[in-house]
């Protein structure tokens, strides 16, 4: 069991470290880093499923007999891209949250959100916008 | 050309999205979204007709036959969802023509329609696909564009709501991927029909049990089933109203669909409901959702938060029906998916009318306005009656079906939870009535009445709930054929 | 498994676990970001060890490159020090982790042994379709490219749409790209003042761009493809923007052009799908592109699709980077 | 010839590993930023360079295409690594990171 399954167990441990960081840490950026670790653990798990003993990369050549399975690799290529896209969106949100709340700690954001009377007011009316209704009527 | 319809169902909104960006104009983007929505509706009607004529059929992407390539399946179980999603999209498009501009500047309105096209693409693709990893990809398309839409909300809290949704949603999606991985390790395939065929051979496999658990939990996040609902209230309430209307009516419904598809047609009732106690656990959670959602809704001071919490409760009703795993239960669940989508869309549309006129939907700001805005509040009350589940609205029909299914299975505790939840719903709808008619009007600055198009859409939706309450033959036949397709073992 | 394989695997896995733990403990986020880059590098090495060269390439480009640059840029815009985690957050986290980890370990009892050649995955008929039949149907040596662009071309289209969505979302959050004249770095400090870095990056630029093209067009025969090429192409411009200033980078690629390129990829990709439908096949059936020779139709389809991916990925990565970076410049 | 090359390759690989190891030790033990990046820089150029050379002369499965790639890697390494060290040092000096002097004690 240990000899044949150790890879899976280590990868599960890595997933769980990532998941722990996501849930327990209040810092939004740290959460995103944790999310990446969690996902990378899953990616490695998929790739480990496709590996064949003594196999080589699935690029067909006359000298090679055994190939590892290409399908998990394709799935993970897709998943990596989805992961970085999510990371970019999360980082964009974190920047905006920092600009409006002045912090990236989730707990502080929540307290500031609860105590600040300005929070009920739409952001653009604070900036002296307020031309929205007029725009709507043009349409 | 009809053979190509399944691909067009998703390809049209997909192509419209980048075109919106190229056009760089709010009007142009709106036209494209309307076009995408109308085309999807037309195609889904055609697909529904074809399914009712000749039964389920599949479409092989790229010309590769099923397990090697990706397969799309149109059958009784996803036709109702396709219809609901595209019909709501049309309503949102017409409603959004004037509504979107009230909350967003020109540039963000253009992006709004782009993201709506993308969400539509994701939801339709998720519904129609017959390949489980492909489902994950479409799930992420719809999720990512949803995060963007929520973040467009006017209040700064929208950003935090969006971020939380992003983190929770991504964890859920990753759980789903882990589940796919475990099932793939045991069966070697990703095609849903092929999976279903091979799952039977791997009976008693513990990896498969874990796969079920991970998928149900992962999709449970997207469904917002208690206790995984934390993202929902903020996301629905802080998003721009057009977005709330679209999401509340469609996104959780599609998640519920894909959950049922995985439970019934991929893993099968024998594994999910007999070998594992999924049914009991889901029933308990559904009951908790009904009570918690309605109870919290009673204490909300903001109409949109109230509606969002009521959605949590309504998801409980749907899940209760589905987790019975009987034909009557699943059919009731589907019926409630259809009816609640229309009712909730009508509710948010009415809330949008208030937002357009008052700029706020705090209950305090609505005091005594019932007489001054009879049409708006009339819509709210009728739709509210639908949320409680009283005749003659559609809500009553589906709740009646649900109670019948529950009685059949002797789930008295769940019925009790339903009753409590309905009473609580009466409280929060009653509160709205009390605020609107029996309080002294607050001094409000009078603004122009909301655009006619928005009022028209709201009332069309409201009348639709009444119509489906009186003559439920169309939704009921769709729901019945869905239940049949799901439980009949059709892969 | 051979002994060397096991030794290398255990060493890499141990280092991977260690770095993951260090990341979770580090409160200085610049440090955490750098260790996270190391984590990605180790991951990429493991991917190579497990024969996933394309994935390793992507992870190296994305995890070590793009993610790190993005996180560092955002750290420069926000706080780089994390507050102490309150104790009350730990308990639910531990509960979730124990439950999920327990379920996984429970599941692992029935997972096929690592590397076994008779697991359900390896014995499923599609293995032969991908590894043997594909050589007759498509005839490209890199099977990963074949499966990615043809058999599961729809997933890849979806992936491209996700990238497109991410680019738009960042723009929607951070506002339109600032015009070049607003992106001039604040006076006193210029990286351009360092002659060494200016000359070295000037020397490297053409090679980076050339390498990107090589990766794009060599994807049929070796690891590589549109996505990796796009990332490398974008990293060339990111380097240029970092060294010579955002204003000059944006003069080379104006925001308007970026916009067009961002949406061009999905349009081209979906356009290929529609074309094959008009020619009588199903969506993305490249056989239709050259009806006499389905093989060359497949080659053409895969090439066009990979180029579309490369275009959009490069454009989106640049958009995202410029979005974050110009935020920093214009805010000061 | 084969034996000579194998031995040479082994020696080069060992040398490279030793340099990498000393670089790592130096990174931990040196007292200030500047000396540490010196250690890191040595490891990066000399250590990695020796390892690449060792791989280059390895006679088993030697092929021109691999050799060319190794040489290209070496060329880029020689170009980029000192540049990175240089920029780091410049940036540290601009930010006023103090230089360790005899008698300052460990940092």
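Things to note:
Per-chain residue numbering starts at 1, and chain names A, B, C and D are given in the order in which the chains are listed.
Just so we're on the same page, a contact is a pair of C-beta atoms (placed from the backbone, for glycine too) under 8 Å apart; a residue touches a chain by one contact, two chains touch by 3 or more.
Here the structure is a predicted model, which means the values were calculated and not measured.
Between the contact lists of chain A and chain B, the overlap consists of C. The two chains most heavily joined by C-beta contacts are A-C. Of all chains shown, A has the CA centroid lying nearest to the centroid of every protein CA atom. Taking each chain's centre as the average of its CA atoms, chain A and chain D sit 34 Å apart.
One finds 57 Å separating the Cα centroids of chain B and chain D. Averaged C-alpha coordinates put the centre of chain C at 28 Å from the centre of chain D. Distance between chain A and chain C, defined via averaged C-alpha coordinates, is recorded as 13 Å. Contact of a single residue of chain C with at least two other chains is seen at positions 100, 104, 108-109, 111, 119, 121-122, 126-127, 130, 152, 155, 158-159, 162, 165-166, 169, 173. Looking at chain A, one finds that residues 15, 19, 32, 49, 71-72, 75, 78, 82, 85-86, 89, 93-94, 96 touch two or more other chains. Looking at chain D, no residue sits in touch with two or more other chains.
The touch graph of the protein chains shown belongs to none of the named shapes. Those chain pairs judged to touch are A-B, A-C, B-C, C-D. Of all residues in chain A, only 1, 4-21, 23-27, 29-30, 32-34, 36-37, 40, 43-44, 47-61, 66-78, 80-89, 91-96, 98, 103-105, 107-108 touch chain C in the complex they form.
By the touch rule above, chain C contacts chain D in their complex via residues 189, 191, 194, 196-197, 200, 203-204, 207.
Across the complex, chain C is touched by residues 4, 7, 11, 14-15, 17-19, 21-22, 24, 59-64, 67-70, 107-108, 111, 114-115, 118, 121, 125, 133-134, 137-138, 140-141, 144-145, 147-148, 151-152, 175, 178, 182, 184-189, 198, 202, 205-211, 213-214 of chain B.
For chain D in complex with chain C, the residues that touch the partner chain are 76, 79-80, 83, 86-87, 90, 94. The touching residues of chain C, counted against chain B in their complex, run 100, 103-104, 106-112, 119-127, 129-130, 150-155, 157-159, 161-162, 164-166, 168-169, 171-173, 176, 259-260, 262-264, 266-267, 270-271, 273-274, 277, 281-288.
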